[in-house]
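For clarity, chains are labelled A, B, C and D in written order, and residue numbers in each chain start from 1.
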Amino acid sequence: MSHVYRLVISCPDQVGIVASVAQYIADLGGTIVEANHHTDAANNWFFMRHEILAGSLRGGLDAFAQGFKKLADAFEMQWHISDSAKPKKIALFASKESHCLADLLHRWHEKELPGEVVCVIANHDDLRSMAEWYQVPFHHIPVTPETKPQAFSETEQLVEQYGAEVIVLARYMQILPPQMCKDYTGQVINIHHSFLPSFVGARPYHQASERGVKLIGATCHYVTEVLDAGPIIEQDVIRISHAHSIDDMKRLGRDVEKTVLARGLRFHLEDRVLIHGNKTVVFDV
Amino acid sequence: MSHVYRLVISCPDQVGIVASVAQYIADLGGTIVEANHHTDAANNWFFMRHEILAGSLRGGLDAFAQGFKKLADAFEMQWHISDSAKPKKIALFASKESHCLADLLHRWHEKELPGEVVCVIANHDDLRSMAEWYQVPFHHIPVTPETKPQAFSETEQLVEQYGAEVIVLARYMQILPPQMCKDYTGQVINIHHSFLPSFVGARPYHQASERGVKLIGATCHYVTEVLDAGPIIEQDVIRISHAHSIDDMKRLGRDVEKTVLARGLRFHLEDRVLIHGNKTVVFDV
Amino acid sequence: MSHVYRLVISCPDQVGIVASVAQYIADLGGTIVEANHHTDAANNWFFMRHEILAGSLRGGLDAFAQGFKKLADAFEMQWHISDSAKPKKIALFASKESHCLADLLHRWHEKELPGEVVCVIANHDDLRSMAEWYQVPFHHIPVTPETKPQAFSETEQLVEQYGAEVIVLARYMQILPPQMCKDYTGQVINIHHSFLPSFVGARPYHQASERGVKLIGATCHYVTEVLDAGPIIEQDVIRISHAHSIDDMKRLGRDVEKTVLARGLRFHLEDRVLIHGNKTVVFDV
Amino acid sequence: MSHVYRLVISCPDQVGIVASVAQYIADLGGTIVEANHHTDAANNWFFMRHEILAGSLRGGLDAFAQGFKKLADAFEMQWHISDSAKPKKIALFASKESHCLADLLHRWHEKELPGEVVCVIANHDDLRSMAEWYQVPFHHIPVTPETKPQAFSETEQLVEQYGAEVIVLARYMQILPPQMCKDYTGQVINIHHSFLPSFVGARPYHQASERGVKLIGATCHYVTEVLDAGPIIEQDVIRISHAHSIDDMKRLGRDVEKTVLARGLRFHLEDRVLIHGNKTVVFDV
């Protein structure tokens, strides 16, 4: 993977944004290796993402940012630029089920995941040795109705301590406290084992079996205070039939869950996801 | 397509059903060209479907049916046997949108659909010439809140008069009266333009856009008194992104709608669908 | 659909292309509603497509084109700009099988296809009444080994006479003469009923059955002198099993064929396909 | 998972097979939990698979087998019956790439794989610690052109010593010697990273990129003496575009490879795959 800067912008739409930004980049000698635009015509809002070859940009990131402010103000941009050489730090939250955790740790270990796993926090101790094989610190923080406030206070401290910028609920079976959802808006990614908005909440495969659907799915989304209702990043489905028991659905579903979570997380880590209201723009490749 | 009889059975599960049925067929010389079984372990219920080469069955359908009664009683079977040479008669209900109607008429015309289209009934007159090119009688019965009872009384008379055994709501934008849903239980097939149970009711693509899903779908299901809640026969989805407007979703969705409806209808016409509670067993090929 | 101009560019890659083009558009007040870029790093080649709101562009198309030449020369661009209000003229070539022809005619009739069907040319007379229902001129030009040169000479005359800019081989079972392939480079679109490069040539479903594959597919591609080897625009597949006969494969395959052809053709008609060597860049939405 | 016996039969087709087999099972009190049949009409050959609840079968497996011989001879059956409580022993062959090995080991560890991994044999030492974390013996047998005969002689000895019944080439980058292919006919499963028969041999993603296909795939097949030409068990594909580099294709392809291999292997381990000539019948659930 080349060393790139990722410039992400959203602002009210008007004529001249692309020209101004492209000219600014060109003036610094920047080579654009990927560019994506989107105009939300209904809301007159504009979204843009560029990948710029780091080595090509005269003056580097600081010079870029300093000069860009004026432009950004003129167009009322929300923007940030990130450096692929400084991968986002990830805290993985897990419980007992290992498929999502194992999948993410393996991708990270194989340098497929463009982020840095800094710790695993789990409400059960079962997956400790797996995390430790990958040489990732593992913290067992049990959560019971009584200890929940204390447990999440500890959890947040750990997240802060590790400097984690992304929290991934890799089949973590606990609901985060509302305040934590607020504090980490746009930073907590969950995998829900249904094709949302169908089958919100507990035991979605049982719900799916009850309704007799012919496809089951998984949804990767940002966590908000409302259960399973945050902005959707990625979804996929798999075909089932009457012949599949709920156990079969769980088995087949695991493959969809881990793939959808890995895809969604990669999009987030590469700054490909722009949240807009309760929806996302995903500049996928 | 070979001339076959389709024997469809459901009954409480017990040892010996397959053996007894297979022996009965073998005793009459019947060649089985397709056989499917399913046991619903949770409900201890058994489902079976056989296709038997018509020419191979000594004594034909009547002899078969007569002798089979005893066996059927012993195992408390619900059963029926149908003749592929007597395709089910289909009434197509349409409105203004043509994609599902055009698709079904074309498949029927090309002898792909194992049924016989006997009439088109529509609440607008727009699709008359299309039906007439296919030499299918077209009846325009407008439906307004005031005329609804009268309109559906006429509609039912037409269905009876044509001897239609299946009613297909090919994007027919009216809700059938509850009594009609009851009278034709398991005989009315609808296509809903969402992946049910998500986005029940009106304007599902608007609902999908609102929620920001990454896949849109279509559901072919039997109509019951509860809107969009009947047994599901077939579903499929297609990938969308932020770049797709609601008009794009409608355009892409039409392809899924017509394909899912055609598949679901074929399953029904070939007696591949067994309704069980609010779910279906579909012995698909 | 809005009235837009589509500006399509390919040229050697260098810094400043996007800025220059975007600035040129902005200077004329042009509102960009869709923009796509791609850099082929291996070949150092750049591809770009813009949709510009027609009403927003001061001076219209002629002013744009005149001024753009200088810019285009500076960057050694191959470029063209097309007007969505002047849809490309399409000649549909067919034989006996109707599914692709019926599908395209229906989409065109429903104003879904962003092109204008000007004639149907077929080597059999079977589909005449279908074309005529859509009020499209139908020409029956039989092709035999003896009459082939004469037949294709007539065919080309018709294509010229109708001013067709795109030829669609909608399951036309004849191989075009090499000279015609050359004359219409990048203008003839074929649908091949396999997932190319597997199963080139005749009877691909038989070949697929012979090899025992678990998926069958269809490929929409530009026609070149080498059979089934031209640049691929679009492909898709569908799952099959041992239970599917060759007739089943044909039936299931028809749905994939017509969908893939319709998608590929739409991409071409909207100037979304850029041919580069024997490959394509498809700026799909 | 219930304890079941799996009865797998293939024989010339004739009337009465199903009846005789079902009667035989019923006479021993056997509860059938899954049954699948297939008739290959072109070759007049019949295939059948039953899952029988172990506890329900009077006299157990030995009594069944003894009595069944007479029936099997009468119908000229090839048949075997296996016991889900005696999972097949698996030797995993690997090289340097870990994704397939990691995936299979994890599934096995989580008791998802209905088999028993007895050893890993690799031509590089890189994956030793991964195998050892799962407490699976790891053998490093380097293969060079000079040492190939000796290396495979050692390899076969290990396979024998561990009593492995299935060899899985989990991205093992060596071609097995012809004699070993023969000795283990129907027991060696490979994953090839293309949608066969496209892109046989080395570097299929490079071949795919060269041809400009719009989907890439993976194929799980039995190994025969002819490279990448054995009976196909399972295949799948994933969509790509011009925007994907060969590295992207490798990354995306890994997910398809491991999923297709895991599915194909599960089918084999549960005796769901019947080889017939160079094709397979797969009684999938």
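Heads up, the rule we're going with is that a residue touches a chain if its C-beta (ideal position, glycine included) is under 8 Å from a C-beta of that chain, and two chains touch if they have at least 3 such contacts.
Chain by chain, the UniProt names read as follows: A, B, C, D = Formyltetrahydrofolate deformylase.
Fair warning: this is a prediction, and the values are worked out from it, not measured in the lab.
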Labels of chains that are neighbours to chain C and to chain D: A, B
Interface residue identity across copies chain B, chain C - same or different by half: same
Chain pair with the higher count of C-beta pairs in contact (A-B, B-D): A-B
Longest centre-to-centre distance from chain D, chain (CA-based): C
Chain centre separation in whole Å, for chain D relative to chain B (CA means): 37
Interchain centroid distance [CA atoms averaged], chain A/chain B, Å: 41
For chain B, residues that touch 2 or more chains besides their own: 34, 41, 243
Category of the chain touch graph - line, ring, star, complete, other: complete
Complex contacts: residues of chain C adjacent to chain B: 1, 34, 98-99, 102, 106, 110, 112, 129, 133, 243-244, 247-248, 251, 254-255, 259, 262, 285
Residue numbers on chain A that touch chain C, as the complex places them: 15-16, 18-19, 22-23, 25-26, 29-37, 39, 41, 56
In the complex with chain B, residue positions of chain A that touch it: 38, 40-41, 195-199, 211-215, 217, 231-237, 241-243, 245, 278-282, 284
